[in-house]
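Presented below are the structures under discussion, each in the form of structure tokens.
Next come two complexes, and both contain subunit A; in the first it sits with subunit B, in the second with subunit C.
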Partner chain A sequence: MQIVWNEIKKILTWKSLLLLLIINCILYFFLIDFYIKHFPNGRPALDSYRLGIEMIEKYGPTMDDEEFKDFMKTYEVRVKEADRYLQTEKVAVAEGIDTYEKFNSYEWFKASKEAGELRDRLFFEDGTDLFWELQERSRLIGFYEGKEMYSSNATPAQLKRYEELAKEGVFGTYPEVAISNFRDYITNVAVAILFSVVAVMSLAILRDRTRHIVSLQYTARKGRNLLKTKLLAGFVSTLLVITGLLVIYMGLYSLNDTSMYFNVRVNTFIGNESWYNPTFFQYILFTIGGIYLVGIVFGLAAMGFSTIVPNTLTLLGAQIPFVRAFSFSACTD
Partner chain B sequence: MIVVKDVSKQYGDFTALEDISLEFSNGLYGLLAPNGAGKTTLIKMLATLISPSSGEIQYNGENIIAMDQRYRELLGFLPQQFGFYKNYSPAQYLLYLAALKGIPKQQARLKIDELLAKVALSDVKHKKMKKFSGGMIQRVGIAQALLNDPKILILDEPTAGLDPKERARFRHLLTDLARERLVIISTHIVSDIESIANEIIMIKNKRLLYKDSVEQICDTLHNAVYETTVDFGQLDEFRKRHVLLSEKQEYGKMIVRFIHKGEKKDGWIPVQPQLEDVFLYEYQDEMIEGL
Partner chain C sequence: MRIFLLECKKVILSPVLIGLFLLFTGFNFLVIFNSSDHRAELKMVNEIIDTYGREITPSSLQQFQDDIQNDLLKLQQLTGKRYDSVNDFLEDLDVEEYERYSKQEQAFLSGLQVKEMYESIASSIDENYEEIDIEKEGEVALEQYQLSGKAAETYLAENEKFTKRFDEMIRNGEHKQWFFAGKAYYMHTLLFKDLFSKMTIEILLLVILSTTFLATYEFEQRTHLVAFATQRGRRLMNNKLVASLVMAFVITGLVLGSTLGVFFLVFDYSHVWETSVSSAFNWEYNFPYVSWWDLSFAQFLLGVIGVLFVSVLLISALTFSISLFIKNSYVSFFVTAASFILLYMLPSFMPHSSNWLFVAGYTVPTLVMAIPGLFMGSSGLIFFRNFEWATICSWTAITMGVLMMTYRRFVKSDIQ
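Right, the complex of A and B next:
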């Protein structure tokens, strides 16, 4: 145990922790910060987020036909409010857009200057949420009434699965803003963690070789078995690095305040087709598990390279293609 | 007792050692040969870092590779390049190595204090080694080799980086240690071992040349080492005809020490051969190649 602990201390030095800090600060500001600072990102994302919470509070994690009727009723009430609002606007009355229905079907590309100014004022200046909200409600109604998943480019097997889900009443109904944000966030977090793991673990074994310490280690009682201990220490260190970073990043993610969505199933979010249908919270846990898995694979691979390459430069050269390939595929997915 | 039985070592087509047979019991052995002669290969095999390509090495009748941990428990080793972590202090580093040697922490702390005192590093035991001189680092290396109180102590070029005072101190230390254990020192510096080794082992052309006491090895040049005075003008001619061991300028002439195995000439004073004379004589070709 003492030897494992010694090897861990050799990997997690203050220098490597400083390296972790630098890597993560850089990647945080380049890749991750946006998804915390700008969530929900503008309109109608904010309305989408708020409506999602309202739906969960009223109907729970799913919405059935009866509940949809209630959703429609709320929509109609809000439309009437919009009608009343428009009727108080002289320009709206003069332009013949004194109801929300007319406002919606108005040919805005032919709009007069006054009408254009009115629309801009309603959406961007008055601080009125109503018109943004109605747009989003209308979009959600469209999705519910469509009662289907996206099926573009779906394979026959996927189509069959969509049909099964639709029969069970599972289709994209709830606003996707929370889960989309999480997907983008966690992808970039995974890239940051992967870089961190590779950076810290790469020199774990090579360092002893380049400093001519291996002959001392292998002639001690422990002997060549030390390599196994080093791998174990590397594994534990990888877990510690991943866990530490995940605690920090998930702590930061909690600022997005999406816990209300945790019980909603993935396939219930618009445009989030999945073979399995975990809740959002389970999905978060799966992604965390995935990060551990990929992190461990890359950590062990980094140590593997570390045992065979002759120097640090070769080590970096050998690993860059793998890390780049993963980062590229993660960022493009 | 360690027995090296018909050991050869090959790296692909290159033969590093050929058919070496040796026996070691308690005492101090000096493995003497120029750089590249195969000393380190033999040392690495004795330290189980590499295995012989053929033949075997036994300790008390048992193959040392098969003995595995039991053999390494008996072993103290200082490699030619003693590696260390720059940010560790000697105390930290020795504690790290003590754990690898299976020494309990409390016992290790006591031993470390004792050894650091022995190698005169007590004052700097908590200082980071990155600021240490080569000699200080080498002394840490010597201390680590003694951590487990080894029965077999193998030191590869242990005096590299040590100043003359440290070398003298080191020789005394080795003499004490060799009283009750087997100590093998590999070196190309004759003075390191000439006065302290019970036996000298010399390797030439990958094969064992000598394994004998200093006196017996020196006897091989009995009546063959001379000193004489030579004019400067004759010196080049003299160098071509004899194996010169040393040259010293005195009163406008050169006093030369040389080897001649034929008939003695007038003015040549026979002198007692030294181990260095044998070394220079035996490895004259290799040293010229190395220049």
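Right, the complex of A and C next:
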């Protein structure tokens, strides 16, 4: 036990913690910051986010047809509001766009200058969210109405899954901003964590060899069993590193304020048909489990390299392709 | 000399570096072959240049248009109907009908389509360039980058110089030369952005690995007490520095040579070497590429390669200093990578109202990451005419200073 503790202390020195800090600061600014700072990212993502919360508060984490009819009724009410709003605008009346329907079907590409200015004013300056919101509502309704159309290149297994979901009455009805933001966020966090794990663990076993103290260690009473102890210490340190980083990154994620969505099931987000149907919160837990798993694999692999390679050049060089391939595939995912 | 050669041998015979080099080169070849779908279509430019000359004059353009009209007559014979453009014909054609034509006729049809595209770009050059108002672009850029105060003044002053250069370019007719159609093929982006950015990163990885390896070798092998106690002593580091620089040069040459060699074998550039890089056909995004000097494509490519070589040597020397300071290749590798990224991000930490914003951009990392926009007046916040040479000169001075300091420090340092 004493030896394990001492080995951990050798891996997690203040120098390697500093290295962790530098790596994570840089990767944070490059990959992760965006998904925290710009959530929801502009319009109509903001309206999408607000509408989703409104839907959850009003109808709960699932919506049946009745409830959706009510949702459509709200749309009508809001359209009437927009009609009234447009009728108070002199320009709109003059251009013949005094109702929202006309406003929508108006041919904007050959609009007059006044009409263009009016539209910009309605969307960007007047401080009313009405028009953005209507756009978003009609998008959601569009998805609901097209819920039985499947992608034409779905495999038979996927089609079967779609039918299964349809039978259960599970359709993508809730706006997907929250979950797609989380997905982008967590893949980048995973890249950062893997980078950190590999960076910290790589030297674990090579370090003693470059110091030429292995022959001393192996002739001690503990003997070659020491390698097992070192690996155990490396495993524990990997867990410590992953846990520490995850706590920080999940803390940062809480700034996005998506807890209202936690009870919504993954399949009821738009465009999110999946093989299983966990809630958003369970989904987060699963991804965290996945990060632990992949992190441990990479940590062990790094230690494996560390036992084989003759020097740090080989250690770094051999791992570059793996880390690069992994972060590349995660980024394009 | 022998020490120098033996030091080089360490790098050349390192299986990891060789393996990485092969892997990277293979990866680059993959990128090239994956984007070579349109290589046959690109040959059209060669035909055009052969027939009508490299420069677009009103008479040669007229001739080109006449020839297209002749081709359209041929199309009439082929289909029995008069079309104003081959696209009108192809639009109502479905795949089965198209398959009915012979291979030759299909080649004729697609060739005519490409010709028409080039013609439409060529005949709208004047119109498109007249619409560009550089001064207005400057105002837009101020808003886009949120520049104010001194920074805005500097930007506008440089923009004024660029306006003059732009007018001069139009007078010279640099933009009226045939090149691969940018908006259709994005060849500038493929070569200078996709490929060069990959190559730059690969070269840097290899160079930083080999430099840190050489610089820290004695410490990591625990031979430093012997090595530095010999007659050669600490001057050994001079040999190592020279070996690192030569190896950096060789690695850069090998990576560039292999990848670019294959690139130019796959894509036939033989007729466009002389074409100006500011050609209107080389217009890919919102704004055309406009260089500060009258550079042909070949000159631009050589210039970029030259900048890359010098930058890699500077980075190698700086890495050497860092390694000498840290004496551990693993940590040096990460510290170098981190400093590279931090320097690259430096401008984003600067206030947008002072000239420091621009000064912070004059760094080697920014230089090597901005390869597609080098020598260009259309490259955002680093569009300054003196950007390339000022960066290289100032960083050469900085590197010399740093090397000198670390060496002096190392000579006197306590080695345990």
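Everything that follows uses one rule, which is that the second predicted complex is superposed on the first by the 329 of 333 C-alpha atoms of A that agree within 3 Å, B and C clash if a C-alpha of one lies under 4 Å from a C-alpha of the other, contacts with A are read in each partner's own complex, and residues count from 1 in each chain.
The rule we apply is simple: a contact is a pair of C-beta atoms (placed from the backbone, for glycine too) under 8 Å apart; a residue touches a chain by one contact, two chains touch by 3 or more.
Everything quoted here is computed from the prediction, not taken from an experiment.
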Subunit A superposed: clash or fit between subunit B and subunit C?
fit
Considering only the touch criterion stated at the top, classify A:His212 as touching first (subunit B), second (subunit C), both, or neither.
both
Have a look at where A:Leu12 lands relative to subunit B and subunit C in the superposition and call it first, second, both or neither.
neither
If you stack the two complexes on chain A, which partner ends up touching A:Val266: first (subunit B), second (subunit C), both, or neither?
neither
Output check: A:Ile284 vs subunit B and subunit C. Expected answer is one of first, second, both, neither. What do you get?
neither
Which partner does A:Leu203 reach: the first (subunit B), the second (subunit C), both, or neither?
second
Tell me which partner A:Phe30 touches in the superposition: subunit B (first), subunit C (second), both or neither.
second
With the two structures laid over each other on chain A, which partner does A:Leu316 touch: subunit B (first), subunit C (second), both, or neither?
second
Give the angle at the C-alpha centre of subunit A formed by the C-alpha centres of subunit B and subunit C in the superposed arrangement, rounded to the nearest 10 degrees.
70
A:Ile22 contacts which: subunit B (first), subunit C (second), both, neither?
second
CA minimum distance (subunit B, subunit C), superposed complexes, angstrom
7
Which parts of subunit A are in contact with subunit B and also with subunit C?
211-212
Give the list of subunit A residues in touch with subunit B in this complex.
2-3, 6, 10, 13, 208, 211-223, 226
Give every residue of subunit B touching subunit A within the complex, in rising order.
44, 47-49, 68-69, 72-73, 75, 77, 79, 81-85, 87, 96-97, 99-102, 105, 144, 148
In their shared complex, subunit A is touched by residues of subunit C numbered 14-17, 19-20, 23, 205, 209-210, 212-213, 220-222, 328-331, 333-334, 338, 341-342, 345
In the complex with subunit C, residue positions of subunit A that touch it
15, 19, 22-23, 26, 29-30, 199, 202-203, 210-212, 311-318, 320-321
